[in-house]
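In what follows, chain A forms one complex with chain B and a second complex with chain C.
Right after this comes the complex of A and B.
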């Protein structure tokens, strides 16, 4: 006797499976109905897709001005500010400005009056233009020894800079370093400076004698 | 910038004309104005005013002789030296003044300008002898 077992007839399981599937399909179809939601609340709940109308306006502020726009050239502004502090009248800037035809140039004999110590005079052999750090190099001969001094023109230590004598012809070099060579050395300019000071003193003496006398005494000390 | 082997002018009347630096004292750098150095006298000064006939007197006037080892103070440098106020000073030569070990100058006169840094370094005796300081 042969038993009709599924092992013997492997395809027999298909029948029951397919039957089951058919039943399920019918069930799903019967359950699928068109559903319309009915709101029970008074207020309509907004659906996520719909746009929300805002009645209250939110206050907005404009962005702060960018420092990069406000201070376009900070170093330039800073230099200008410093010069305005150190040279309020602008006389020093004018004396060394390139646009001024009466400006001090290389080759001129300059006299630097200092707040502390003696004035120093010499031939200007270099003007280093660097904004507030602008400096001049003066060369002179003291007791037969060449001496060179750098002075910052905006230094608070510098009381005044005077042009003692101008060069007859414009120097065709920016830096007259050749004046250090024995062939070109101007030697001591002390005599020229003394003559200049005497003439200035005479001019000043005619106008205000008292002040000149006082100054002379101060220098002797 | 005074260091080993630097030749300097001696600007006092001790009798030395040219000296050579053999040691910078109290530091490992080069010497600047106002620093103390040890020097060897390389060339003696022969005073022109005494004339050729007074050679004996000149040698007697010379307090130092060639080959002597002495202390000295640098008073001028050809190297630029910046001051605290921003100004810079530079001389055309290197010069020094001979001193004894106590720090008093050997010579009695100086001829030539010296740097003002000597005041800061407390060499007031040299400053008072100098005809000019800058």
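Right after this comes the complex of A and C.
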């Protein structure tokens, strides 16, 4: 360590002192102690050359039991259940079933008896089959005005549906909307319905007398 | 001439250089572009006092404020994933009132993961339904299911909940009995996609006349705005032809009419967006009082009794 001995310029000793300190700092920077590396990773890095056993298989679990697999068509079941509640005897279903040759068809004159209000009769011009939502469209003429009414056949408000008169020939259309045209309009079917109701009343009387006379074609409930 | 300083100056033993304060050492560059990102002085804390914004309401742009805003509308418990099976009707045997309804089916619904405030910034429950063959699932996703201890799922969806009390344990099965008959729910599903639709179908534009000199422009949208000056541009958001449908539609306040745990059915009032077979997210309605779940009430019965006494 060279000690400067300034005599003439006392402050110049600072320069050499500081230079010396700077060099020393650079020199001490390279002096390091032993440092053990610390890994912050969760996983240990394997030493090269070591055999690694890796499980490539991922565990999978079996699917739990599913009601959806057992009941693949819940809507069908649901509709069936609803119909069984609304139509316990199955008479209404039978009346509009496609397999029943005696079923009500388009073109027939139907009478719908309601729980509340007057019964409505008219020519059936459309049967919309939608399970529990099945409906029929009846057309009649009241006070010289054409009237059409939709009735849901399974509705609790519908007490009974009767076939008043059948069409002589099976209709070759699914929907007889042409009956709305003046050329084909059947007009009022009130007379036919009244005659039917009268004969029914008479028959009912005779049935009560005879006990077990022949019942009308129409089905109740 | 300057007075002569004692020559003993240099004899002063200096402490080691690393003990010397930095200011005594010559300046070496510490800050600069090559030493770091910025050369600007380190920013201190802003002064809390005498601010220009003092007295103004606090801006609510923080995640915490967002959660607080949502606090009122976030459901307390998770929802369910279901598949729309179709529509039918229910009749009231007494009054004869017909109620149109949609039948939804829940299939192997389980909790797959949680989202927490600490880790993700919000609370949510990830639910999965259905089943997917493991060979059709990528390995990262398979690992996700394996971590939850559930079978691979066909559908995954998140249901946000208010706080950690709504986090159902992972692996827990949820059936249709999760909902009570008579309660209200919100349903979310993707509606039927219409593809690229014109203005008439998509926005109900009137179209153009069939005649009066109109030529080959009967269903086109016509003008898209005025011309000249400020009008000579098309405004952003101008309704035009484009892709229609296929987006998520929420139907709020749908009443649950029936619940069938055996068949996995939820029957809800009215219609739900989307075709048959679409995935429907069902959760407690946010615009109705939260439902009172009997099992939950059973758990906190004692607490309720104590509060009633006090």
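Convention: the second predicted complex is superposed on the first by the 143 of 221 C-alpha atoms of A that agree within 3 Å, B and C clash if a C-alpha of one lies under 4 Å from a C-alpha of the other, contacts with A are read in each partner's own complex, and residues count from 1 in each chain.
Everything below uses one rule, namely that a contact is a pair of C-beta atoms (placed from the backbone, for glycine too) under 8 Å apart; a residue touches a chain by one contact, two chains touch by 3 or more.
Note that the structure is a prediction, hence the values are computed from the model and not measured.
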Report task. In the overlay, answer first, second, both or neither for which of chain B and chain C A:89 touches. Result -> neither
Report task. Considering only the touch criterion stated at the top, classify A:41 as touching first (chain B), second (chain C), both, or neither. Result -> neither
Query raised in the report: Which partner does A:62 reach: the first (chain B), the second (chain C), both, or neither?
Result: second
Requested in this report: Pick one for A:152: touches chain B only (first), chain C only (second), both, or neither.
Outcome: both
Query raised in the report: Of the two partner chains, chain B (first) and chain C (second), which one does A:22 touch, if any: first, second, both, or neither?
Result: second
Query raised in the report: Among the partners chain B and chain C, which is in contact with a greater number of residues of chain A?
Result: C
Query raised in the report: Counting only touches as set out at the top, which of chain B and chain C does A:120 meet: first, second, both, neither?
Result: first
Query raised in the report: Hey, what residues of chain A end up touching chain B and chain C alike?
Result: 152, 155, 157
Query - Residues of chain A touching chain C in the complex - result: 3-7, 10, 13, 17-18, 20-22, 24-25, 28, 58-71, 74-75, 77-79, 82, 85-86, 115, 131-133, 152, 154-157
Query raised in the report: Taking the complex as given, what residues does chain C use to touch chain A?
Result: 4-5, 7, 9-11, 14, 16-18, 20, 24-26, 83, 85-86, 88-96, 98, 103, 105-108, 110, 131, 134, 139, 142-143, 145-146, 149-152, 173, 261-265, 267
Query raised in the report: Which of the residues in chain A come into contact with chain B in the complex?
Result: 117, 120, 135, 142-152, 155, 157, 180
Query raised in the report: What residues of chain B sit close enough to touch chain A in their complex?
Result: 76, 80, 85-93, 95, 111-113, 116, 131-132, 134
